[in-house]
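Below, each structure is written out as structure tokens.
Next, two complexes with subunit A in common: one pairs it with subunit B, the other with subunit C.
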Partner chain A sequence: MAEFTESLFSIFFIETLMNGLLLGGILALLSIGLNLIFGVIDVVWICYAEIIMVGMYLIFYLNNDLGFHIIPSMIAGILFSGLVGWLTHKIVISRLIDAAPINQLIATGGLLFFFQGAAMIVFGIEFRNMGMSLGSLALSEDIYLSWTRLLSFAISGVIVVGLYFFLSKSYLGAAIRAISQDKEIMSLMGVDTKKLYLLTSAIGGALAGLAACLLVLQYDVHPFIGLSFGPITFIICVMGGLGNMVGGFVAAFIFSELITIGGYFAEIEWGYVLAFVFFIVMMFIRPEGLFARKS
Partner chain B sequence: MNNKYFIGCLAVILCLLPLFGVQGYPLHIIITILIWSFAYTGWSIMGRFGLVSLGHGAFMAMGGYITALLWNYLGMSPWLGIPIALVITGILAIIVAYPCFKFRIVGHYFALVTLALSEVVRQVIIATRDYTGGSLGYTPEPHGEGWSIYAIQFPDDRIVFLYIAIFTWLVGIIIWKIIDGSMSRYALEAISEDEDASSAIGVKVTNEKLKITVLSAIMTAFAGALYCQYQMFISPDTIGGVGISLQIVFAVVVGGIYSSLGPTVGAVITLILAEMLRISIGTATVNLTESLTINAAGFPLFIYGIMLVGFIIFLPKGIVGGLSDLLSKKEDKSFNIKSSNVK
Partner chain C sequence: MLDVSSLNAGYGSFQALFDININVNAGEAVAVIGPNGAGKTTLMRAISGLIPVNDGKIHMEGTDVIRTPSHDIVKLGIAHVPEHRRLFPRMSVEDNLRMGAFSPQFRANFQNRLNFVYSLFPKMQERRNQYAGTMSGGEQQMCAIGRALMSDPKILLMDEPSAGLAPVIVQQVFELIKKIKNEGLTVLIVEQNVKQVLKVVDRAYIIEAGSLKMEGTSAELLNSKEVQKAYLGM
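The block that comes next holds the complex of A and B.
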């Protein structure tokens, strides 16, 4: 027991907690776009993580193989992911908009295979690394925090606030919020729901591209990378309450702390096990999400 | 459509295959198809009632890993190990599914909870890599040279497994038929249409759903155990995880979720497609430019993906469902009410 309490107050544990906080920033960023689509269109994009993967590959390819500067590569990545999001809705979801939710889910599962296959065809299954590091920030002799993670943390904070203001203040945002409440009435009011859905999908895709920009700096790209962070992204959205941006943001931090703390005491896989079991149990206790108001 | 005779003939033909000199690689493909068909049938008995589970990869992995671990560490024969694995999987299914049904977690929430279950099992297998080999996979230790009935291991001889696989596949179809003709079917169909209404007319909603889920989980686990005994190699990615869960859903959707032979047709199409693509295109790489190469290994997944999306959009009842609709327009009328009952 003494050892346990000692380990709780050790400097490494504090570092773990802070790294968990920063991982939360990444997870939050990953889940924002999915959450927007979830909330507005009420569709589960199982392939969301694969769109991020496509963005990562594009940035990698432009920067590493074609020699473009990293900034234009990233902008291209964001725009392209936005296009992929737009196409996903245009080609697949719009045909299934009235189908059972589970059919939509399976169809995006098909897109998951499609993107993985496409990535394998073009880039093979090798792990690719940008070989780029922003270094880390030394808080003290023992605590190091990676700049990439700090940056993702900051960006996801900015995005959440930005998206909040976009949805609450702008005219388009109001339309998007209205449509998520009742799509039949909105189309009776003369709103072009199809256009709004396409716009939302494109924004969701672009947010995936933004996540790709930060992920490509710290992880190797390979065709199956989506499977490693896809599931955690879905459960964050569900946990926070579908379409609830703030809830998703908080849930991301809860899960990231669970993962890193689990990883601190045992292997990182146990951290994931802890997070998923927590999710399953929480679904039973609060199926509407952590922050749903009791009706 | 009464296809009892057709299925009987098919089984007889399959049994006679070794007499016609079918062996080696084609026989291997047939055995694999039969084992997977059983897993797919297991999924479809609950999937057809709108209980779309993405957790069957977990059940399959449990079946395979528990059997293999009991054999390697305790020397327990699979004759005992497989039933134990099935019981443990059934208990796991109850632990997860009971609260789900009690708290009315349906539709894509149910799919996501079961998806989390897939991940839990996969991560546990990887985390306990000292015992399970982690992502590198795991092999049940061979029991001496050659045949061993005690260990259900028949290396270098596929014929025994062919008969085991045919028998298992037939049992799967029979289970499907029994459920199709049972009262539970009507109860579950009512539940998938409207839970409150069916509960009001006296259907035990939680009970019915739980029964079908446990049966489905056990069937899938058995397929996992069989796969392990046949291939003598399992890894979290070949019989578990989200990838396998999606593969199961995919094959059943392609074959047809509302027909007894649907899952089998799905298995035939997906596995043969994968093998054909693998053989015809291979894993060759073609250099387009210095940095861009075409890597053929990705084509099966690529085509899978396109097909799955296409089937969901244009043929949601799958190949068998779509065909039998075409063949029997008359019967279609009575079926029409149910034509969109995947919820």
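The block that comes next holds the complex of A and C.
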């Protein structure tokens, strides 16, 4: 017991908590786009993480193979992912907008395999690494925080705050909130719902592209990378209450702390086990999500 | 101002309206009355472009609007207060009103219209930061009417404004309608509360089972034996 208590006050535990916080920033960013799309269009993009994967490949290809500077490569990645989001809605979802949810799920699930297959054909199955490191920030002799993670955290924060102001203060943002509450009435307000859906999908895609910029600095790119954070993104959204941005944001931090704390006491894999067990238990206790509105 | 002629409309293969002819002149308040399921709401939805029209004509100030998508109808000066109010429940009253003036052409005038709506319904100003879904039915109806007025419409379509409200509140809603009419606005209103609505409007049409049965001024209809028997319970 004494050993356990000691470990709680250890400097490494503090580092773990901080790393959890930083990981939470990335997970929050991942969940925002999916939540936005679900909240507005009421469709779950099972293939959301695969759009991130596409963005990662594009950034990698432009930077590594074609020799462009990393910044323009990232901007291109964001724009291209936005285009992929737009096309996903235009080509697939818009045709299924009134279909049963299961049909929409199957269609976006099919897109997941399409993106994976396309990536395999174009880039092969090798793991590719940017070979880029931003180094670490030494807070003290014992605490090191990765600059990439700090940067991701900061960018996530800026995006969350920016999105909050966009949704609460602008006409377009108000329309996005309104359309999620009553779609049909929006056309009586003079809103072209088809256009608003396309815009939302493009924003959602661009947010995936932004996540790709941050992930490509930390992880190898391969056709199945989406599977390593797709499920957790989805679970965070469900736990926060699908479509509830604030809920998703908080859930991201709960998850990331569970993962890193589990990793601190055992191995990182146990951290994931802990987080998913927590999710399953929560689904029994609060199936509508942690922060579901009482309706 | 608004002319509907030989209108046939419905949902899929189900036809709800047969050969409907109605017109509303500028400055008039006109009611469409009839029993449940007569096709009154369908008529409103057809005018607003929410359902496709099979056949017939709808003209707004001479412009054919039958193929105009619903989100462009409001720009022609037709505002629709939908059945059951249909506010955005988890948005403030003011954000609901803001949505009523969403189109860029109305945004410039937002503050003026907001002041107008608040002067018409001072209660909405008191409640402007409250979630619309937490207000009483009568207040929600005020908000729904206010939202429609935000686009400075030429004609206001009102679909069953008294439905689902307590009798005392129904009285208040008809007072609101009178107020709007006195502002000089043209109104087309669909109602089941025949007695009340005939006291407010100038003329009315009666539709039953999707067809026009009768039309006349309010006085004519109130004195008609047939109407008294079928709708006024006399």
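In this section, the second predicted complex is superposed on the first by the 290 of 295 C-alpha atoms of A that agree within 3 Å, B and C clash if a C-alpha of one lies under 4 Å from a C-alpha of the other, contacts with A are read in each partner's own complex, and residues count from 1 in each chain.
The definition used in the following text is that a residue touches a chain if its C-beta (ideal position, glycine included) is under 8 Å from a C-beta of that chain, and two chains touch if they have at least 3 such contacts.
Nothing here was measured: the structure is a model prediction, and the numbers come from that model.
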Looking at the overlay, what does A:Ser187 touch: subunit B (first), subunit C (second), both, or neither? second
Taking the superposition as given, does A:Glu267 touch the first partner, subunit B, the second, subunit C, both, or neither? first
Of subunit B and subunit C, which one touches more residues of subunit A? B
Is A:Phe13 in contact with subunit B, with subunit C, with both, or with neither (first, second, both, neither)? neither
Examine A:Tyr164 and indicate which partner it touches, taking first as subunit B and second as subunit C; both and neither are also allowed. neither
With both complexes overlaid on chain A, does A:Ile280 touch subunit B (first), subunit C (second), both or neither? first
Using the superposition on chain A described above, determine whether A:Leu111 touches subunit B (first), subunit C (second), both, or neither. first
In the complex, subunit A touches subunit C at residues 171, 174-175, 177-178, 181-182, 184-193, 293
So in the complex, which bits of subunit C are touching subunit A? 48-50, 69-75, 79-80, 82, 86, 88-91, 95-96, 98-100, 102-103, 106-107, 147, 151
Contacts from subunit A onto subunit B in the complex sit at residues 44, 46, 61, 65-66, 92, 95-96, 99-103, 105-107, 109-125, 223, 227, 230-232, 234-235, 238, 266-267, 269-270, 272-273, 276-277, 279-280, 283-284, 287
Touch list for subunit B against partner subunit A, complex: 50, 52, 96, 99-100, 102-105, 107-109, 111-113, 115-120, 123-124, 126-127, 241-243, 246, 249-250, 253, 285, 291-309, 312-313, 316, 340, 342-343
